[in-house]
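What follows is a group of structures, each given as structure tokens.
Both complexes below contain subunit A, partnered by subunit B and then by subunit C.
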Partner chain A sequence: MPKLIPAGRDRQSFAGIREIINIFKRGDFATRSSFLIMGFGCIKRKQYIKGLLYLIIQVAFIAYMLGFANQYLSKLSTLGTEAMRREWSEARQIFVRTPGDNSMLILLFSVMSILLIIAFIFIWRANIRSCYKAQQYEKLGKPQPTFKAEIKTLLNERFHITMLTVPSLMIVAFTILPIIFMILIAFTNFDANHQPPGKLFTWVGFKNFTDVFWSDPLISNTFGKILGWTLIWAVFATFTNYFFGMILAIMINKKGVRLKKMWRTIFVITIAVPQFVSLMLMSQILHDQGPLNMLLQKWGFIESNIPFLTDITYARITVIIVNIWVGIPYTMLITSGILMNIPADLYESASIDGASPARMFFSITLPYMLFVTTPYLITSFVGNINNFNVIYLLTKGGPLVTDYYQAGKTDLLVTWLYKLTVDKQNYSLASTIGIFVFVICASLSLVVYNMSGSVKREEEFQ
Partner chain B sequence: MKKLLSLMLVLGMLLSAGSALAETVALKVWGSQDDQAMLQEMVEAFKAANPDKEYDVSFGVVGEGDAKTKCLEDPEEAADVFAFANDQLYDLLNADALYEVTINKDAIVEANVPSAIEAASSDGHLYAYPITADNGYFLYYDKSVISEEQVKTLDGILEACSAADKKMFMDVSNGWYIASFFIGAGGELGLDENGKQTCDFNNEAGVAAGEAIKAFTAHDAFLTGDDSILTGGIGTTIAAGVSGTWNAEAIKEKLGENYAATKLPTFTCAGEQVQMASFAGFKLMGVNTMTEFPEEAMALADWLTNEENQLKRFQMRSIGPSNVKVIENEEVKADIALSALAEQSKYAVSQKDVLGNYWSPAEAFGTTMEAKDYSKDVKTLLDEMVAAITN
Partner chain C sequence: MRKNKSLRLPLVRMLPMIALIMCLSLLLPWVYIDVGEGALGYNAIKLLNSDARLLSIKLPAILAAVSLLLSILTALKPNKKMLILQALLFAAGTISAVVCMLTAKELITASGISIRTFKISHLSYGLWGNMIISFIAIVITLKAMHEPVEYVALSIMASVWLLPIFWLVITSFRQEAGAYTPYLLPKGYTMDNFSRLFTETQQFNFPRWYMNTLVVAIFTCILTTSMVLMLAYTFSRLRFPSRKTFMNIGLILGMFPGFMSMIAVYHILKAIGLAKSLISLVLVYTGGGVLNYLIAKGFFDTIPKSLDEAATLDGASKSTIFRKIILPSSKPIVVYTAITAFIAPWVDFIFVSVIMKDDYQNYTVALGLYRMLEREHIYDYFTRFCAGAVLVAIPITLLFIKIQKFYVAGVVGGAVKG
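Let's look at the complex of A and B:
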């Protein structure tokens, strides 16, 4: 195992604070004043534009905190105390609504403000540093760098900052902020009965987590069983696609098979039809009263309808088989490329030694394949754990059963989560389940990836 | 800085002046896909009748069945006036999403049948405007296959169907239809003092009803599926089907002269004949609490559900009215499907006390029965179903 925390990391994290303390100790009046009035030191040393920018940022930040963030941050601990009020208005003959606290907005803007505070702390530190730098320049008698010169460095030695600022801001705004918000929802009682703006929701600690694990038998039972099926599904969906795709590729790639390109094209054509269209058609075709059943009956193969999607066992097998059908072309494409790359002399010497085709497959092809495609297998396994399309469009998670909480026998965690949010508005429970799905996916990927040959013996690959 | 500030000030002034000058009432209306053209006509008439204000009405396609879900996803973005099925009333009220009807209330109460008003009320307060009283189901049948005597009992219908090698259609894997057996046998869905769902479908009578469902779904002549199966097969492979007025046109066309409709039959429950019950559903028009223009939104909702427009709904879409005067209309009275519904309504119970948690578990029980999966006995399944409903 690689060391996760490099030695001395914790000392490093204090270095920032120590640096600030040192600056305060060694700083003169102007530098020390910059601790309170940002940019003061810079202005004093004639770096007017830079200093003013710092000052504007500080003023804007204070205005933002007092004028906007304050009303939300102050309610963060309760997520609001006053729900929407209604009062009878005799003149208008209606109940007039006065909006109360909106728990969702309180949570959202609080998270946003906290991120902004963190960003502000970094800017504050940069301000102290540059003021101190200006002080040192003065002490050494060096001319202060002009604003223009400093801007220029952004195109040269500090070019990475120029390049990465916008993407980083985007990631914070559109990825990190929503993720923190969603994770926090798992610790609230945000559900159909606590729906803003009409009603308030509040913190409930770990209640949702204990519900999922043990304290609510119906939910924990459903969670356990759906988790079990999700893993079975992910294993089958991943490996059936992988092996059948590989076998197909080997068959097409075999010496003596003619029209290789045509065969590949035929199998790849299924990709041309959008997956959800094929899936919805499949669900119609496999319906109890659907065309397939009707045809089979007409031709006399079966007496009564085959419940492809309504019987538990049939439905589970059906989704796996349909998934093979929609998934094989992709693995075929990936593996064909790798197959063509396996040195032909390996096979030649093996056949001279008298190895059977099966032996060659297990001793040459498969190890080579696994070596190269383990990362692909991991992503497709994780993808299958979250394979919403195939399940939802084929069976909608059904057949429903009475001992599950608002779920059916082919429901994956992710489709159950969808039903809980969209149909039942039970956001907090869904968020809790989402966190588990993430934990499962992340830990599986990390462990398998670090154990895989592609990582351990990377240098062996030629 | 100064420039920027003055620019912002000017902008702000323009904005506030703009909103003060043009008194445009912007309202959003949700209705089902099939209703769109009709709604637009009605709204145009509403605008013509209220020339004193400028109305800007936009439309969204959200069916009555999805209204609650869509509305609660983001109440602030939801429509000001929307149609919904009355079983969503409590869920909407729980989220405080419905404006109480206070303007013109007495006239509305007087104009509509009491059951519809009851379905739109909670604790004596009216929260929505009744649109229809036809959200229920009854039996369509083929006169040439099933006699008037046979159609009275489920056994008789199944017998007639078997004899003619045809099927009887009922979507048992659907909480709405399957309730017919349980409630017929005396089961009750209600609410406890905390507003949580109560359900006694697992008591003795419920288990007897469950056994009856088991026998029904195991019968050779039984057929399940969705509406398209019924409308596609009736007259050819299907001789009788349980459905509602929305399929009346399609079924009438298929059956032609043999078209008939009546109340649901009785079924054999613990050795006795018991009348199948049904849910009496109403479609209602609600006003969103988040609306900026409550008075205008209420006026529009009132308009969309008044006598004139209920008659129009019947004429354009064969939708059964809840307005007492429209019900007495000769045209409405002559409608076979609507009179069958009226007959069934004597055995119908309000769907109001049914919360969102009911549907999936009830469907699960129906699915298990249809799949003839008898690995657990009926009592166990019903216990599990009730546990999930009341969770």
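Let's look at the complex of A and C:
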């Protein structure tokens, strides 16, 4: 029987606000003053350490807001007005720098401060709750729990708080904060011409999005074509790997094939070698003057070099083929286990009916595999949309063409994003593309999420 | 149960015929020669006697002849051992035909016969024929023995897949400098590439990078493993308000392209004064790795909850259950988590390049090796790049092979049986 989580729990935020209002209505003087002076109720009821901690947090927060955050938050709407200036000082015969605003820091610290404010609100609510709890304990005549006892609950009833605090801080600092920052950047004009502190950037609304879709012909043309190639690439990369990998797995797992472990290890070795090594090696092998071209010429197969990575059509085919080399072992690994789960009697009855191996593959293996591995297929499709390594290490997105904006013919959206960020410092455009990639990946992942039973029936397993 | 099946005799009797065709196909090149300065026989003999290296061109012929003899013997008195020998012989014949085909042009040029007078294409036809027929011969031999023919395809694929890796390893021992050589096997072998990697450190300080990476990897491993296990346990075992919300946020965050935010990460690190330091790398890799807790959670989900309940009745707290019950019974997943976290710093070159910029001393091996292949260094450093890559690849490969089982579980998303 599936156990269900009570529905009310998901409506946390509304319940939270109502709870606070109720506390204010029912609280006595000490509890009510805790709304303004944190920890007041606790201190009054002799929970000194806890109360003082709340008070210290409040003081520190106010000091932070007034002393530090204020100067950034106040400029958030304009992202700064005064750029740093360098003026020739006649008197001192040097350039004097007048420090100005820095849009980047204003935005970064503002986002940080807003996250801190949200965190503070949560602590404030916890403060009110514990003050109210202390009030109720007093009313019932129960002894107040000591600080030591409350710390102890962090190892048992409230163990999740202990466990989540540090990881959440890491995630907030290195994932959430940067992502919010970059999403906001998509609404500014932060590019190579607006580099603070020398030049400030400011809000431009949806200009970057309209640029990408229609208003800037060069960018929207590039975007459309790169998106097209990204999808073509993802389709080819996913399905070639899927089918060939499955065939490899079928061959290795066939009854009667000896040394299964050895075959599997041989193919695993190629994916165990770090990708930057194997792919850079491949790009050297396939170079115009690389060993493959040299050998083919020496063997008399070709007269002149084949531009594996420098001609548009060749390069596109090459990346797909090299991706087969890279990707088949992964599919082999993944499908091996599932193949062994296909009921053997299906094959037995098929062979009694005289079905050929090819027919068995298309009538039994493939439908079964497609049914079981559709989530994996979509995941790997998303993975291929974001397949940075294969493209960047092989062709660097090249061959470059002039009708693309800072991109080449094999560039995917993510490699274009990378180039715009690192080489061209066009952060605002890069962020816009990033958001778009997110939308594609998120909608595909949503499909997977709804399809995979293991998520829906999570509680059943336990 | 495996039945001891008898050999398929009609197939065995076909083998001498096929071996004969194999031999005849080798004569194909001599059928037509665009005679310029002598008769057909003259050129053929001149070719065969011109150079000791021509052994490789004679080898397919010798092997084909031996195969023919053996197949006649086998057909007269069929037994399994002979057939295995036969299959191996055919395989050797195929390989030698391929080698010969690939080197034919060079050998003929070397023997002083110009291509115009001796058409390479004709030689190739013969060798192609030889190769294809010996493939058929292998398949028939395998069929005759009731062995799967998949061995043929698997061998070909295995060699295609291993060839680049093999090339990497032999190039790391190559004596000649330079990026590209017009030949596959090096002319001389040396250990210099490895020793110079560690002695010539003015420009590319490989030992330092290796130590950097090791230090970063160890700390990342400790931090990430503990945090991932904490998150996995919390979401698997503890029930608290907003648990679902937290998990959904985690899912959504994972869908943003990772390096979209790396510039912001760099500025955050700069703001707290940690940019261009190894600590920042540890923080970044940990921050990126923490969200990969779902595999460990899936594993914890499979540990029976009755264990927890029994422990709770005995008065154990949640933290005791985590430390004394869950962790000891999930050794494989702890190893998996630790190894994946350990590998990350060895293979990433994107975040390092953004964070370290031009601070060569604080590079990790991946970025360092990447720099070696830039246009101005590639000639001098290519063999050393290969040597360094081998030194990185060996430990990572061994670790990856150890965790491959869990890799599968991670991608498919199902529960892993411990």
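Throughout what follows, the second predicted complex is superposed on the first by the 422 of 462 C-alpha atoms of A that agree within 3 Å, B and C clash if a C-alpha of one lies under 4 Å from a C-alpha of the other, contacts with A are read in each partner's own complex, and residues count from 1 in each chain.
The rule is simple: contacts are C-beta pairs under 8 Å (C-beta built on N, C-alpha and C of every residue); 3 or more make two chains touch, one makes a residue touch a chain.
Since this is a predicted model, take the numbers as computed values, not measurements.
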Subunit C versus subunit B on the shared subunit A, clash or fit after superposition: fit
Which of subunit B and subunit C A:312 touches, first, second, both or neither: first
Partner chain in contact with A:128 - subunit B first, subunit C second, else both or neither: neither
Which superposed partner A:79 touches (first subunit B, second subunit C, both, neither): neither
Touching partner for A:398 - first (subunit B), second (subunit C), both, neither: first
Angle, in degrees and to the nearest 10, that opens at subunit A between the C-alpha centres of subunit B and subunit C: 70
First (subunit B), second (subunit C), both or neither touched by A:412: neither
Partner chain(s) touched by A:170 [first = subunit B, second = subunit C, both, neither]: second
Winner by number of subunit A residues touched, once subunit B and subunit C are compared: C
Contacts of A:199 with subunit B and subunit C, given as first, second, both or neither: first
Touching partner for A:422 - first (subunit B), second (subunit C), both, neither: both
Subunit B versus subunit C as contact partner of A:252, first or second or both or neither: second
Least C-alpha distance (whole Å) that remains between subunit C and subunit B when both complexes are overlaid: 6
Residues on subunit A lying within both footprints (that of subunit B and that of subunit C): 287, 289, 422
Interface residues, subunit B side, partner subunit A - complex: 69, 72-73, 75-76, 91, 94-97, 99-100, 102-103, 173, 223-225, 229, 289-290, 294-295, 298, 356-357, 360-361, 363-365, 367-368, 370-371, 373, 381-382, 384-385, 387-388, 391
Of all residues in subunit A, those that touch subunit C in their complex: 5, 9-10, 12, 104-105, 108-109, 155-157, 159-160, 162-164, 166-167, 170-171, 173-179, 181-182, 185, 248, 251-252, 254-257, 263, 265-278, 280-282, 284-285, 287, 289-291, 294-295, 297-300, 325, 329-330, 333-334, 336-338, 373, 375-376, 379-380, 386, 388, 414, 417-418, 421-422, 427, 430-431, 434, 437-438, 441-442, 445, 449, 452, 454, 458, 461-462
Residue numbers on subunit A that touch subunit B, as the complex places them: 83-84, 86, 92-97, 192-193, 195, 197-199, 216, 218-219, 287-289, 307, 310-312, 398-408, 422-425
Interfacial residue positions of subunit C with respect to subunit A in the complex: 101-106, 115, 120, 124, 146-148, 150-151, 153-154, 157-158, 160-162, 164-165, 167-168, 179-184, 227, 230-231, 233-234, 238-246, 250-253, 255-257, 259-265, 267-268, 271, 283-284, 286-288, 290-291, 298, 301-302, 304-305, 317-320, 322, 346-347, 349-350, 353-354, 366, 369-370, 373, 382, 385-386, 389, 392-393, 396-401, 404, 407-408, 411-415
